[in-house]
Amino acid sequence: MGNEHVKKIMHVMRHAPHGTIYTYEGLEMILIMAAYEQDLSVVFIGDGIYALRKNQDTAGIGIKGFAKTFMALDGYDVEKLFVDRVSLEERGLSEEDLVVDVEVLDSAEIGALMNQQDVVIHH
Amino acid sequence: MLHTINKSPFSSDSFETAVRFIQPGDPVLFIENGVYAVEEGNRFAEQLAGVIMNNPVYALQPDLDARGISSVAEGVAKVDYDGFVDLVAEHQVNSWL
Amino acid sequence: MKIGILLKEGPYNHQAADTAYKFAEAAIRKGHTVDAVFLYNDGVTNVTKMMDPPQDDRNIAARWDQLHKEHGVEILACIAASKRRGICDEVLIEGGEITGLGTLTDIAIRNDRLLTFGD
Amino acid sequence: MGNEHVKKIMHVMRHAPHGTIYTYEGLEMILIMAAYEQDLSVVFIGDGIYALRKNQDTAGIGIKGFAKTFMALDGYDVEKLFVDRVSLEERGLSEEDLVVDVEVLDSAEIGALMNQQDVVIHH
Amino acid sequence: MKIGILLKEGPYNHQAADTAYKFAEAAIRKGHTVDAVFLYNDGVTNVTKMMDPPQDDRNIAARWDQLHKEHGVEILACIAASKRRGICDEVLIEGGEITGLGTLTDIAIRNDRLLTFGD
Amino acid sequence: MLHTINKSPFSSDSFETAVRFIQPGDPVLFIENGVYAVEEGNRFAEQLAGVIMNNPVYALQPDLDARGISSVAEGVAKVDYDGFVDLVAEHQVNSWL
């Protein structure tokens, strides 16, 4: 058995943090799935990238911050974090603005990765 | 891989984002408010033509009917919910929300 | 084919609950198996039996209940998402169940497809 | 007293029908407000225009249609229906595609009308 | 100034409920009157007492309840929108009330401002 | 009339739609995800500059902080919830959702 039961599951983060809960509850989902030893990856596209911004201080809006939780993914063996290059550039951001190490990829590369998945979940 | 797009291209960036990642040859199915993208003669006609050139493109007929859309761009095939199921049976699915 | 469905928006406010239901209905009619509908984000509000829409409109919660009873489709609401939104056993439809995200992972693993409906 | 208590209330329809409930529940709100003899107007901008399309048949999606209810607004003395010209044109639509008579205005004209309101509600 | 608030999205899923609350709090602190918070669309789900978020998080329903009790702000859910979404007297917070759209019209008429929060 | 904009300009058409209707001189307040529009150096910088030239522009500080935005375009004033209330006290409000 073994490997034939390992599924490739990709989570796609598309929403800016705090304005809606999608990215936060998406992260909660990833943390649970990480315990199941599947082949997980997380991709940040469009406003999803904003969730990885450094120096988010949510005290003033009264909502719990969660940017630092992305740093915990490494400990859960979720090491594949990909960021879309165009999304990063059009926001005037670079890798240094993000809380975790990510791999910046072109859309064609991300598209090819998507096509290898058994399951793709957009948050 | 089957891609579904469910948002109006006018109010959301879903359509324009998704097309950057969809691989040539992969089927694309427009559902819900997404079907406005396939209506003939609107601002997205040219961009849609580019997708149609490289990908099989479908639109969910009940969603077209619900929105009063009678003219769709050439090359767009209409399917009902049964056709949606058939496409899912043939492909893994990537639902762009 | 065996199908799992992930539904991320609540009833009436977004079409997602309707499209998911229409898809499930068609899949069953065509001989496929719909294993489970897992409710996440605002999707958990699909299963409150307190729902009481106008008489000439569909009752979305009752429809999910019926799908469970007639076709054995599991109707599952994520517990963490449910607690945030006031979905609990007291308001849950008979055919629904509140469960954890581990169950969704199992659904993703054991089915041929996991389809997402949302907005 | 009299006129000094009449408020100018504008409803702005911005969402396509059926995908979300905003326009439908917005219309329900307008129908109730119409009984209160305030100075009501309704403006259709962006995807909101799609709610006025002719020949919408919602039987297949199992959701109640409501395009024809806009025709009832006239009977409720809500006669000011405005449509944004740019929104209409970029969708390849014209007045003939709509279920009711509307006044097509430029954005500057709609903007000026907005500025006269006591209350503006976006749906 | 006398203010009415129209809130169109449910708790947690959208920031609207938080911004509306923070705004109301600031307005009261500055000596203005917040007359009412009227809940519409998914906004009606703000007032279910079944809500049970994580202990280290805000309880949005309890917060509205408190705003009513401490500052007399009416917390009103539209009855038609509530029925669609399973909000009824059985789940309603003590300080909340289910009412019709006519009440919203009164709020629009009797206040200096009607502010909308949504998404 | 005070206009509030609460959506990211990248994912929604709210910002680009609203600016077509906002009259010169009217104050514009960016809140929630809307504050991404005022960050320095992104794709909307030029369009925002056009607004700043004709209108007083504000951004809600707690929303900027929550999103880690430290550099905003020149000419954007930061306000807290109290400042939001003051703007509402001075103007009727048009909340672009």
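Every chain is named by a letter (A, B, C, D, E and F) in the order it is written, and numbering of its residues begins at 1.
FYI, contacts are C-beta pairs under 8 Å (C-beta built on N, C-alpha and C of every residue); 3 or more make two chains touch, one makes a residue touch a chain.
The structure presented is a predicted model; accordingly, all values stated were derived computationally and were not measured.
Peer 1: Mind checking chain C against chain E and telling me if their interface is mostly the same residue numbers on each side, over half, or mostly different?
Peer 2: Same, since most residue numbers here occur in both copies.
Peer 1: Considering B-F alongside A-B, which chain pair is linked by more C-beta pairs in contact?
Peer 2: A-B
Peer 1: Taking the mean of the CA coordinates per chain, how far is chain B from chain C in Å?
Peer 2: Chain centres of chain B and chain C, defined by C-alpha means, are spaced 24 Å apart.
Peer 1: What is the distance, in whole Å, between the centres of chain C and chain D, each centre taken as the mean of its C-alpha atoms?
Peer 2: 33
Peer 1: Please work out the Cα centroid separation of chain C and chain E, and write it as a whole number of Å.
Peer 2: Averaging C-alpha atoms per chain gives centres 27 Å apart.
Peer 1: Return the residues of chain F touching two or more other chains; collapse runs of consecutive numbers into ranges.
Peer 2: Where chain F meets two or more other chains at a single residue, that happens at 6-7, 10-11, 13, 32-33, 62, 80, 92-93, 95, 97.
Peer 1: Among the residues of chain E, which ones contact at least 2 other chains?
Peer 2: In chain E, the residues touching two or more other chains are 8, 12-13, 15, 19, 22, 41, 80, 114, 116, 118-119.
Peer 1: Which residues does chain D have that touch at least 2 chains other than itself?
Peer 2: 14, 18-21, 46, 61, 63, 118-119, 122
Peer 1: Considering every pair of chains, which are in touch?
Peer 2: After working through each pair, the chains in contact turn out to be A-B, A-C, A-E, A-F, B-C, B-D, B-F, C-D, C-E, D-E, D-F, E-F.
Peer 1: So in the complex, which bits of chain A are touching chain E?
Peer 2: For chain A paired with chain E, touching residues are 18-21, 61-64.
Peer 1: Chain A touches which residues of chain B in the complex?
Peer 2: 1, 13, 17, 20-23, 26, 92-97
Peer 1: In the complex of these two chains, what residues of chain E are touching chain A?
Peer 2: Against chain A, chain E makes touches at 12-15, 18-19, 21-22, 56-58, 119.
Peer 1: If we count contacts the way the header does, which residues on chain F are in touch with chain E in the complex?
Peer 2: Chain F residues touching chain E: 6-7, 31-33, 62, 80-82, 84-86, 88-89, 92-93, 95, 97.
Peer 1: Can you tell me which positions in chain B touch chain D when the two form their complex?
Peer 2: Touch residues, chain B against chain D: 6-8, 10-11, 32-33, 36, 39-43, 45, 61-63, 65-70, 80.
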